[in-house]
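Consider the two complexes below, in which chain A is the common component and chain B and chain C are the respective partners.
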Partner chain A sequence: MAGPVYIADCESAVQSVALDGLSVLFHAPSGMTHIVAAPAPEILEALRIGPAGAGELLARLRAWYDFEGDEAADAIDARLAELEAAGLVRRA
Partner chain B sequence: MSGSDEKAIGTKGFVPSRRTVLVIGAAAASTVITIRPALAQSAGSILNCEIPVPGPHAGGNFIAPDGSLVAPGTPGAAPPLARPLRGEEVKSLLRSGTTPAGVDPQSAQAYANYVRRLQAGMSGFTCYASLQMPR
Partner chain C sequence: MRHRLSIQIGPVAFRIGSAWKAPLDALAGLYADYPKPADGLTDFTVRLEPEKPWRRFIRPSVAIRGDYCLPDATPMSLAHGLLAAEMGMNLQMALGQKNYLLLHAATVEKDGRALIMTGESGAGKSTLAALLGERGWRLMGDEFALLDLDSGLLMPFPRAVSLKNGAIRVMEAEVDPARFGPRLEATPKGEIRHMRPNADALARMGEGARPALILFPRFGEDAAIRAVGAAEVFMRLTQASTNYVALGRRGFDALTGLIAANPALAIDYPDTDTALGQIGGFWRELAA
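On to the complex of A and B.
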């Protein structure tokens, strides 16, 4: 996979509360609060296993979930870009 | 979210009890909304705030590629910057990888990672947190 490799902060750096269909994340290193919807919490969880590029990340998620739709490969980049812009993931 | 009853986000031992369907979504759909902390900073002051690399607490230490502080002279680590980075420079560095003037491009990623690891109470943290806020 030639694309960037991403890292998520460890679980202790992000407090999360699951709401009905959404999660609220408090990212302690930045002091920012984020409201996220699927698949953001799942991506963060999968990245906590270790740094991964988009391809590896999709493989991890596929081990846990079935995907709906066939645009996952395109959309995962957009999801990662959002999480990076929010400061929830960073490039390795 | 899909299958939120299947797991507890943020708890240890995350294992979905049965396979659920995850919607990665369309490229244009957004799944993250960020709430701004109540920091009284105007756009101008954000871009002009400063982040020392490293902060005064670590004067003289070098910066490893992952942004951690290491002993002076550590091979592969970047030396301390002679001047603080301005908010505008940090923003460009973090968003597009633009190396600030006078900074060694080879070391820029180490400095960027140092900034990303800043925590509350560290010099430059408020500046960094302000930069992350969407306008």
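On to the complex of A and C.
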């Protein structure tokens, strides 16, 4: 069964500044600030290409970055759940 | 209001009204050398009123009111009217200031560059700023650092320094007695005495400075110095800001810009001389 498809706000709605290995994000629609670690910024970047499920997202990320091992899919699922709870991604 | 007083502190003009004469007399004495608002306009109004009409005479109790109010603020004794005025001014700034990112921090300047000191109450930032202000630095403020949202400059807010408990004796040994306000005993914050910044701090209250170092001092520990990572600085400064959330993206831009451009250090110090030595060392390194 296909999992949910996620969507992220466009780049102009989420301002990102790298600080000391972490990223601070200002999410304009909510006015909230988030401090996130990799691969959360990369997931948001990959979702800006267009809505995607976890499998498609992992394929996009693998095209850009070295994601080794079978745990990558679990990690993407976990990060997507966190980003959804934070309001930084939503279901399409 | 029966009694009124207007004061300019850095870029901010206050009007303070009071139902009683005594707190404003004390305030007028403490702020004797401050300018009046240039155009007669004020940014914030503070009102010291009786909690109930009859409380102006019977067991007088001061309620702090103004443009911005805390609904459940506890009224204060009239004997602490000066502290009520100070808290009222702080409250208006904390809740109403939209032109600057406000950091709960002390700032001092030397050679055109500013040192920001922030930390929890009791960390010693007011005492260190007051001492540095008498020893070759310019005191910009002991309570609020005002970060200009456009230029990234820190603007001074040299209100009367609020000295608490042990810091009172430290500064009494250093400064002309004429610059002190009355001793306020048994306030909610312990013993308090206000100190007017020196003539240089007041004469240059319109002059901003470029930040150079963010410092997190902590009193009462063995001397130690550690670098603080940018993400931790960001988190601590959002907690130290009263209006970061209200400013939205402008606050985010100003704060990330400040952090990206400046180093940050945490210091522990067992006594003020040790802290002054640590700070002097940092400044020599920054100048080198």
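Observations, loosely collected:
As a working rule, the second predicted complex is superposed on the first by the 89 of 92 C-alpha atoms of A that agree within 3 Å, B and C clash if a C-alpha of one lies under 4 Å from a C-alpha of the other, contacts with A are read in each partner's own complex, and residues count from 1 in each chain.
Criterion: contacts are C-beta pairs under 8 Å (C-beta built on N, C-alpha and C of every residue); 3 or more make two chains touch, one makes a residue touch a chain.
Because the structure is predicted, anything quoted here is derived from the model rather than measured.
Superposition of the two complexes onto chain A shows chain B and chain C fitting side by side, with no clash.
With both structures placed on the common chain, the touch criterion links A:72 to chain B but leaves chain C unconnected.
When the two complexes are overlaid on their common chain A, residue A:90 makes contact with chain B while staying clear of chain C. After overlaying the two complexes on the shared chain, residue contacts for A:28 are found with chain B and with chain C alike. Considering which of chain B and chain C touches more of chain A, the answer is B.
Vertex at the C-alpha centre of chain A, arms toward the centres of chain B and chain C: the angle is 70 degrees, rounded to a multiple of 10. Of the two partner chains, chain B is the only one that A:39 touches; chain C does not reach it.
By the touch criterion stated above, A:11 is placed in contact with chain B alone, chain C being left untouched.
Superposing the two structures on chain A brings chain B to within 5 Å of chain C, judged by their nearest Cα atoms. Within chain A, the residues touched by chain B in the first complex and by chain C in the second are 15, 17, 20-22, 28, 31, 33, 35.
Within the complex formed with chain B, the residues of chain A that make contact are 11, 14-18, 20-23, 28-42, 45, 61, 64-69, 71-72, 74-79, 82-83, 85-88, 90.
The part of chain A that touches chain C in the complex is made up of residues 15, 17, 19-22, 24, 26, 28, 31, 33, 35. The residues of chain B lying in touch with chain A in their complex are 1-4, 8-10, 12, 14, 16, 19-37, 113, 116-120, 125, 128-129, 132-134.
For chain C in complex with chain A, the touching residues are 229-235, 238, 244-245, 248-249, 252-253, 256, 259-260.
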